[in-house]
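So, here's a batch of structures to check.
Below, subunit A partners subunit B and then partners subunit C, in two separate complexes.
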Partner chain A sequence: MGKRLKLPYIFILPTFIVVTVLIAYPIFDVIRLSFTDLFLLRPGTGKFVGLRTYAKTLSDPVFPLVLRNTIVWMALATILSIGFGLGVGYYLSFDWKINKVLRAVILLPWILPPVISASIWQWMMHSEFGVINDILVRLRFLEDGIAWLGEPKLALSALILVMVWKNVPMLAILLSAAFQSVPAELLEASTIDGATEWQKFRFISLPSISYTLLILMVIVSIWNIQQFVIIWITTRGGPINSTHIFPTYIYEMAFTNFRFGQAAALSVITIGILMIISVLYLILFRKEARS
Partner chain B sequence: MQKRKIRKLSKSIIINLIGIIILIVILFPLLWVAITSLKAHDELFAIPIKYFPDNPTIQSYKEIFLKGYWSGQALLWHRYLLNSLFVSGISTFIVLLFGSMAGYAFSRFDFKGNKILLSILILTRMLPGPALMVPIYVMISNYGLHDTLWGLILVYSAFGLPLTTWLCAGFFKSVPKEIEEAAIVDGCSRIKALLYVVLPLAFIGIISVGAYHFVGSWSEFAFASILLETQKIRTAPVGLGDFIFLFGASYFNRVGAAAVTMAIPITVIFLFAQRHFVRGFLAGSVKE
Partner chain C sequence: MLIAKKLLLLFLIVSLPVCFVFAGGKQEAAEEEETGEISVWKLGGAPKEVEYWPVANEKFEKEYPNIKLKYSYFYGQIRRQKIIGGFQTKNLADVIIAFGQDIPDFAGLNIIQPLDEIDSKMVDSWKEHIVPEVWNTGLYQDKVYALPTYVDMASFLAYNVDFFEEAGLKGPPENWTELKEYAAKLTKPDRPGIALQATLAPVDVNIFEGVAYSNGGRFLDEEKGKIAINGPGFVDALKLYDDLIKGGYTNKGLTESRFWEAAHLFGEQKVAMWIGLSWLASPWFPCDPKEFRWEGTLFPRPDNPTGKFQTVATLMDPTAALMITTLSKSPKAALTYVDFWAQPEQLSFWDGSGEVCRVPGYKGAYDSPDLKRIWPEWVKLYKAGELFKGSQSMPRFVGLSESENDLAKAIQTVVLGQKDPQTALDDAAKKAQDLYDILHE
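On to the complex of A and B.
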């Protein structure tokens, strides 16, 4: 009997050791590090300095910009991904021939390594030889090519579009499954009552998938705030810090500037933001569940 | 009658037009990188842009694999791919071994803390990876694993284990308990019943979880770029990042060649396991 009781613990032990050592412990360590002044290029640093590292981080003139960029990035990339995901997902939920082809290839942008996507889009958005400028000039939308990633005012928006391109396929697949689970009788009844296609979408399909939609919004927000590669590979946070969001800023602070204390403080702030978002969504869930 | 036919026809044209636009937006970037990789150096800068190269060539592929020098630095693309294969392969083996053990325990035993431990495990997936780069770097350095592939393998395994455990638990649950009990009654030990009866039945699911983890490890850039220093041991994503930095636009055909060769294994795996990917993804992110 005793042996049988021990077996499950023996089976989960390796997993818990690895996860505890490499994920749980680092969470506490990053909090500890954020209260130190660890600067890898200067020996003797790394002592406890209280809140001084936070004060230094928050008073850095770049910080408000990074915060602003992160909020813009999160909000726009999430809203646009969900919007296009709904559209494409609704389209995919029908039984059309072309959807067989679409379904077979649509997930490719999502599955490909982000470093590949970043390199492709960087080349396509090149100011002189990029194919996007070429198409837009040929179609007479533009007179001259634009440096999409070179203009501080444009770069973040351009990268948001890349992120949307990457996010939409998976969202569309998941949302099309949700749309397909809407009871057919409901839709038929409304057709008999003379509802237009738009009314069917707006008043029957959309309300039926609202729960899935909320869950997907949480997931997409998390994807977006974790994204690092697409920005780092294309712009490294530039030009003039206009595309730095927390993940890229942490990376630069730690592995370009070697200011580990400040990078840890930024990490803790990032985790905090993520927790705030999760709580907000939880409140939304509650409301949704009640109504 | 005529009117209705026209309306039906125009509806089908609009529908297909929308579908083709979606298809182009999704696929054009991928085709474009493949086309670019087949261009000769001077064709990269043709204005107006050439949508099809006059003389498609695999020159750029030869340059990153064989000759492979750029301002005195060897390019070593084949080496990067092999490193990625090693890291992804070993860490997939680890997560499958440990994850299926843990998943089996969670699905078959009603031990104390079962539910709470599984919830804690799945909660770790909410953590943003970039926020853990600093402490993990410090720890890997302290253990003397900095600049080794083993450090990276450990990190990938740790990030992969929660999802693998969760999914494996699901697959084991789908194998009826009675089959296993029957084998035990027939004189099998519990371990033997697991190895010869339960595992084969959950096999496809477990393999697809492995494929999912493999693809994730094959793609990972951030941790690989901070945990590896020596050029010879870099993985493909970091190598591709280097190429982008080294060549920039002036040799994008080489960047493209690297991207295509790196994408091929993933595309193949994906084509075989697509259905499982979606299901696995759903189970991993949407708590049931």
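On to the complex of A and C.
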């Protein structure tokens, strides 16, 4: 009996060790650091200072902008990615010949390393020689090229579109698989009952994949909130601070400013936001499951 | 005959052991100095340099078979993260090849150690090969922290000769007033007169600093310990940028155009002039520079310098400076590696035969026919003692990276029309001063 009780623990021990060493310890250490004033350039720092580093972080004039940007970035990039992913995924779910090719081709943005994607978009969006401005000017939508990444009011929106472009392929493939798993009998029955394509999508296909959709929303939110490369390569959080989100600001705080205490506090705040999102999604999911 | 044979035998008996003793002794000494295992991190660099480094490393391994070399190249933009992360986790290379401007922060963090404290005699022997002004870029607080292989200098102006002739302009502008006049004359509806850059990339700030220092500005008044970027030297340099923008003579998206995008604009003949560092014929140039007629020269000087400090001809920084870390377990072997790079055979890579976009640190490079062919002006100025005259190292003090980043943001507020130069620089100076006071109290 005793042996039987121990066996499961022995099986989960390797996982427990890996999680402890690679996840729990770093998180614990970041939390510990966030309660210190560690500033690498200043000798004698790194002592426990209670909540003082958090107070300093929250009173930083850039913090509200970074928080706002992070929320906008995460919300819009997630909603748009899921929205477009849903549309493209639904299209790809049909068993048409062209879709077999498209399913492979569409993955290109997802496969490209983020550094390369960011650099390509940076050139494409350039006001003087970018292909996007060139097309818009030729089509007479614009008189002159716009500095999409150089204008504080536009830069974040432009980068959100890049993020959506990067996310959509994988989402579309996953969602098309989910759509294909919808029972064919249901769709056939609804066709016989005279349902339109939209009605079939809205009242049969969509509810059938709601579980997948919710899971993907959590995952995409996390992908988005931890995005660093796209922004850092293109704008470094600028112009001024207009495209800083938590990961880029944490990086700047740690590796330009060497203020590791504040960087850790910002990281803990990011973890907090992620946990809130995850809990909210779980609550929503449970409600959905009950209904 | 027999006597001669006996004498020869006696000579051999006596001389051979002596030879063995001397040779063995020398070999032992060599082994004492040249053994160990070292790791080297190169962070950033122009494409040709990145290709050249491993080739030279193979030569090093042949010359020093007792030193095991582990070489890695990393993308330059993650240099600080990589080095600081490596230092914190005690997993740092013995030799790092980074920027001169990193020296104060890295020395302050105790990441790098003075080379002359490992072997002052060896380090002294390098001096004879290196241009003194370039040598000084590796010093910090009178200690040698780095071996500079070359420098980049700020700030220079590239101009399109065809466009100049078309506008009836004979030579490059010599002062700021002329620069504005020329920019106005050269501007066409579809072609700005001059390309400026104002992103948050450190190089863009360095280019601006070159203009400000030439106007008698300083980042820091070292004697008083006061940040001076809100003084007239810097403010008027930023006003120059502002005037050019307001006049409509510049490219549109300054805050999206880094040095390589600006280089691209010039290379595509979409602007008539471009401000850059000394690497005007840069690796980012989109076409063969021979495809159109262009010249490079020093950025125009202010008509009447307004800053209170000595005007500076150019600012210099070595961006492939070899440093030895404090975590090195084989500092002697690491120094042997640096010594290898201090030799003319390696340094001559930057004499125009290998890489063309750097200002060589090796004295002998200025006798190279390649450099003479590619940069005749540099060679002429060097021979006349003018190339480095009045030049100094780029600003360097502990905490500079944060303050330079704040300066970059201040420049952006002016470029975007959110603040006037004085207010923007007052704000940046206040932040920088608070930081400086904390770090130097």
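We adopt the following convention: the second predicted complex is superposed on the first by the 268 of 291 C-alpha atoms of A that agree within 3 Å, B and C clash if a C-alpha of one lies under 4 Å from a C-alpha of the other, contacts with A are read in each partner's own complex, and residues count from 1 in each chain.
Here, contacts are C-beta pairs under 8 Å (C-beta built on N, C-alpha and C of every residue); 3 or more make two chains touch, one makes a residue touch a chain.
These figures come from a predicted structure and were not determined experimentally.
Enquirer: Would you mind checking whether subunit B and subunit C clash or fit side by side on subunit A after the superposition?
Expert: Aligned on subunit A, subunit C clashes with subunit B.
Enquirer: Return first, second, both or neither, reflecting whether A:139 touches subunit B, subunit C, both chains, or no partner chain.
Expert: A:139 contacts neither subunit B nor subunit C.
Enquirer: Of the partners subunit B and subunit C, which touch A:147 in the superposed model: first, second, both, neither?
Expert: The second partner, subunit C, only.
Enquirer: Using the superposition on chain A described above, determine whether A:184 touches subunit B (first), subunit C (second), both, or neither.
Expert: In the superposed model, A:184 contacts neither subunit B nor subunit C.
Enquirer: So in the superposed three-chain picture, is A:41 touching just subunit B, just subunit C, both, or none of them (first/second/both/neither)?
Expert: After superposing on A, A:41 lies in contact with subunit C but is clear of subunit B.
Enquirer: Looking only at subunit A, is it subunit B or subunit C that touches more of its residues?
Expert: B
Enquirer: Report for A:241: first if it touches subunit B alone, second if subunit C alone, otherwise both or neither.
Expert: Second partner only, subunit C.
Enquirer: Looking at A:251, would you say it contacts subunit B, subunit C, both, or neither? Reply first, second, both or neither.
Expert: both
Enquirer: If you stack the two complexes on chain A, which partner ends up touching A:126: first (subunit B), second (subunit C), both, or neither?
Expert: After superposing on A, A:126 lies in contact with both subunit B and subunit C.
Enquirer: Both subunit B and subunit C touch subunit A; at which residues?
Expert: Overlap of subunit B and subunit C footprints on subunit A: residues 122-123, 126, 128-129, 232-233, 251, 254-255.
Enquirer: Please give the residue numbers of subunit B that touch subunit A in the complex, ascending.
Expert: The contact residues of subunit B facing subunit A are 15-16, 18-20, 22-23, 25-27, 29-30, 32-33, 36, 44-45, 47-49, 97-99, 101-102, 104-106, 108-109, 111, 114, 117, 121, 124, 126-139, 154-155, 157-159, 161-162, 165, 190, 215, 218-219, 221-222, 225-226, 237, 240-241, 244, 249, 252, 255-256, 259, 262-263, 266-267, 270, 274, 277-278, 281-282, 285-286.
Enquirer: Looking at the complex, which residues from subunit A come into contact with subunit B?
Expert: 5, 7-9, 11-12, 14-16, 18-19, 21-27, 29-30, 33, 88, 91, 96, 98-99, 101-102, 105-109, 111-124, 126, 128-129, 131, 134, 138, 165, 169-170, 173-174, 215, 219, 222, 225-226, 228-229, 232-233, 246-247, 250-251, 254-255, 260, 263-264, 267-268, 270-271, 274, 278
Enquirer: Inside the complex, what are the residues of subunit A that reach subunit C?
Expert: 40-42, 122-123, 125-129, 144-145, 147-152, 232-233, 235-241, 251-252, 254-258
Enquirer: Quick check on the complex: what are the subunit C residues that touch subunit A?
Expert: 77, 80-81, 84, 105, 108-109, 199-201, 251-257, 261, 264-265, 268, 270, 398-399, 401-402, 405, 408-409, 412-413, 416, 418, 438-439
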